[in-house]
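Presented sequentially are two complexes of chain A, the first with chain B as partner and the second with chain C.
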Partner chain A sequence: MSKQIMIVDDDPAVRYTVLEVLRGADMNAIAVDSGEACLEELRKGFHGVILLDIMMPGMDGWDTLEAMKREGLNEGNIVCMLTAVISPSEEMDSVKDNVLDYVRKPFDPDGLIATAKEYLSYLRTVPDENE
Partner chain B sequence: MLASDDLTTRQAVKVILRKYDQPVTLVSSAEEILHASQEESTPQTIILDARLAGDDPIALLNHIFQTYESHKTHVFLLTHHQNSANPPRQIPRGAASVTFGGLEDLENRFQSRSLPNRFGNTTDLRDVRMGSEEEFMAVFLHAPIPIYLIDTEGHVLRANRAKNPYIDADGTSSRDLGYVLGCRHGEGQGRCGTVPQCKRCPLHMVIRETIREDRCFHRKEISLDVPVETDPSEKIYALASTTPLWIDRKKMVLLFLEDISELRRSQELLAEFNRNLESLVARRTEEVRALLEQKKEFIRQLGHDLRTPLTPLVALLPKFRASLVDPKEREMLELIINNTEYINQLVAKTLDLMFLENQAGVPERQTIDLRVEINNILADFAPVLQDRNILAVNAVETPVRLCVDVLQFKEMLLNLLSNAVKFSPEHGQVTISAATNEREVTVSVSDTGMGMTPEQFSRVFDEFYKVDPSRHDRSSIGLGLSICKRIVENHEGRIWIESPGLGKGTTVYIALPARRPAEVGGREEQ
Partner chain C sequence: MNIVMIGASTGGPKALRSLFEYLPRIDAAVILIQHMPKFLNVSFCKALSERTLMDVHLAVQDQLLEHGVVHVAPSEYHLVLADNRRIDLVRGVKVNYVCPSVDVAMLSLQARRDDRFVGVVLTGMAADGAEGVRHIKNLGGMAFVQNQMTAAVYDMPHSALLTGAVDFQGSPKSLREKLVETFGVLETTTQTVTG
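Take a look at the complex of A and B:
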């Protein structure tokens, strides 16, 4: 699998930034603008780390996560919430509920690269552990 | 007149009467009491030995009242019960002019001159000498509360003139009570008991009850259907006090009627006012709650809308550092990056404060060792400290346990240390110490920096307050101490600042409860 990071965000500037930062670090990344498009990519076989925005029109980040769980699309993937608004309680709930981490916008580019690399390293071991 | 067939009793009573200079006629049987009326002048008081009255004292008393004019004669029923305070219960009729008691009570009565007492046992005549009927009438007529003497048919026999135009100057009347009071009903005549409304008339009921049950000093709050000058549709509220009386062997009712309409209306107004006040407070509270919710939502939205466009700025601007070679352009880029970072910090701290303010108390407490936490945070600060040549000292030498929210506590220490370092000169010193007593752990962060004036002490915790009035300082947001204060308050602690003056350094103190309040409370209960 070549595409290993997917950024889901309705804001084009954020999508552009994340792609620039990650590609600048020689990482494979794709960007989609909605929860629906994210699910579509997963159905098509995307496998990797998903940076999921919470506040999106229509289907928001939580809805997308629910839909992923319903279809079993989250299995073997790592979800990391990427958001500008999050309160500590939400953070904790989300971590408990199939979300590995959260990244606050605006993010430090080096921090994002480090986080993405760390989760990609988990990814390779996760399917083995599950089996 | 003393009526007793018992020698000892007669002797004892005679001794008392002699003491108070009271002439006495002695009789020794029930018949003699009644016969004496034909021969002698009416006795003021008949002291009747209860044993003489036999098994049916009521019958004898009725005979006595038929024989003597009850309004002139008072009967003292001398009982021999050990506890004379509990008179025989079966003697309710004519109670207004009968008194019960033992020898001691009899003596007390003479001593206090309350015999004869034709209005029962509370009319105290000690200070009013009833020398003549004129005097008595003067008192009666000029009493400030309307008083009515009513017969069992509801005719007003006598009334004083207080607030009553229907009473003759001498206090006599031949009218119905309804007429005297100006009742709306009674076929325009104010005739009591003649119309259906009378059955529900509270005054009528009070009078009936008094007659039927012989209830002395019966008090009841009632409303009356009588016109009020200011508003004919209004009702009069009155306090009706009644007592039964026997006069000329006829049963009467003495009625005191106090108009308490003003009082009732004031009470109603007050109650209405209180109801309005409650709903007003509830409405305002709801408004404030809605505004706070609105503020929260506004900040949340603003936070989102500011952070999203900041994302490309914060993430992409530093990329140009490597590509720019012209020193002038590099300087411009640093200025842009610094200001972007400032806005980023401002937004982050504002949102932090908002979250803290919306949080009641502390979400999750853990026990930490203050000494270890300080060492960790000083390690994080090492590069800055080295850069500025500032010496940081952890003066906490022994383990100090604190039960706190770790994230909040670390944020607070970080803010305090940042401030201390920021305001310290090159080669300055920052010291973190702790003092414990039974109740509190006090942590202090001291610097050797610019110091403060007492005026500044109280203001530094205000949101967006900056010591530099020109506000050009881009290294400070003006929220650090507000955040610290909120965190300390979430932990039920106190925060304050001390400084010997400008240029002499500053110390920030934080006092946190030594244990969680619940644990302290538990200990105290034991």
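Take a look at the complex of A and C:
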């Protein structure tokens, strides 16, 4: 599966906006509404940049990240947490080396595009172990 | 030997992009600790090397520090310096929940005549780097941190600031200028910045 972007957020307005912004910049993006759905996409082979909301009902962003680590689904993917919270909580300590960036809501569209492009470019230059 | 140790975590790649943009070859060796997954080590170094005239390398065991060179700590190893000159990569438990740890690297610096140190703490969660800049200050060095306005996560710079050891805080761009002002630029025959 090609390298792309996955937005994980329970708020349909956020999902819609982010998809519009990223697709408007010719980026290949998908959106899911929960941590469980994110894990399912990863199990199906998603590979790319994950924009993961922290505050979600049920399985929140931290729970999702922990589950990704347990199943090894974080390997080869870049995770950026999305939040309106001013400062991260201590819950993040154990998984912080898996989170490359922290994107604040509401989004600045240009900043969001720049962030997504930068991290996708990192993935494009990762040496492929199969090559 | 002039040594700059820079620590960054969450939000670090963007801050470092700004700090290294057009950075000339400063007259110091730079040790860079960016918390990141191991698979990104090579692409991170490549992206950084495209920003600066300094040589950027993923640090290797027993490598000697060199002015004008950025030595990037590889993931899953603590980077410590032997006699402020030689890189030692150490497998070990996480410190401050991370490996490599900024504190571990900075605390390995030793008082040595004619050596000058600067510790820089950029965006990131929790407090890695705070003890490190306190140590650098005790050695007679200086400490710079990223300011709140530009940090994606202000925890690490703020924790460093609370030690009372910080000499300057500012944007990544102003930190770049401060490094150039502090150490000066290495003389080279060709210095062309593109992009």
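By definition in this document, the second predicted complex is superposed on the first by the 114 of 131 C-alpha atoms of A that agree within 3 Å, B and C clash if a C-alpha of one lies under 4 Å from a C-alpha of the other, contacts with A are read in each partner's own complex, and residues count from 1 in each chain.
Throughout what follows, a residue touches a chain if its C-beta (ideal position, glycine included) is under 8 Å from a C-beta of that chain, and two chains touch if they have at least 3 such contacts.
Not measured: the values here are computed from a predicted model.
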Open item on the list: By the touch definition at the top of the document, which applies to A:112: first (chain B), second (chain C), both, or neither?
Closed with: first
Open item on the list: One more residue to check, A:55. First (chain B), second (chain C), both or neither?
Closed with: first
- [ ] Please determine whether it is chain B or chain C that touches the greater number of chain A residues.
- [x] C
Open item on the list: Quick check on the superposed pair: does A:16 touch chain B, chain C, both, or neither? Answer first, second, both or neither.
Closed with: first
Task: Which of chain B and chain C A:120 touches, first, second, both or neither - done: neither
Open item on the list: With both complexes overlaid on chain A, does A:25 touch chain B (first), chain C (second), both or neither?
Closed with: neither
TODO: Kindly classify A:67 by the partners it touches after superposition: chain B alone (first), chain C alone (second), both, or neither?
DONE: neither
Task: chain B versus chain C as contact partner of A:84, first or second or both or neither - done: first
Open item on the list: Once chain A of both complexes is superposed, is A:37 in touch with chain B (first), chain C (second), both, or neither?
Closed with: neither
Open item on the list: Identify the residues of chain A that lie in both the chain B contact region and the chain C contact region.
Closed with: 87-88, 104
TODO: Name, in rising order, each residue of chain B that touches chain A in their complex.
DONE: 300, 303-304, 306-316, 318-319, 344, 355, 358-359, 363, 407
Task: Residues of chain A touching chain B in the complex - done: 11, 13-14, 16-18, 20-21, 24, 55, 84-85, 87-89, 104-109, 112
Open item on the list: Considering only the defined contacts, which chain C positions touch chain A in the complex?
Closed with: 9-14, 17, 35-37, 39-40, 42-44, 46-47, 75, 97-99, 124-126, 152-155
TODO: Report the residues of chain A in contact with chain C in the complex, numbered from low to high.
DONE: 74-76, 78, 81, 87-88, 90, 92-94, 96-104, 115, 118-119, 121-127
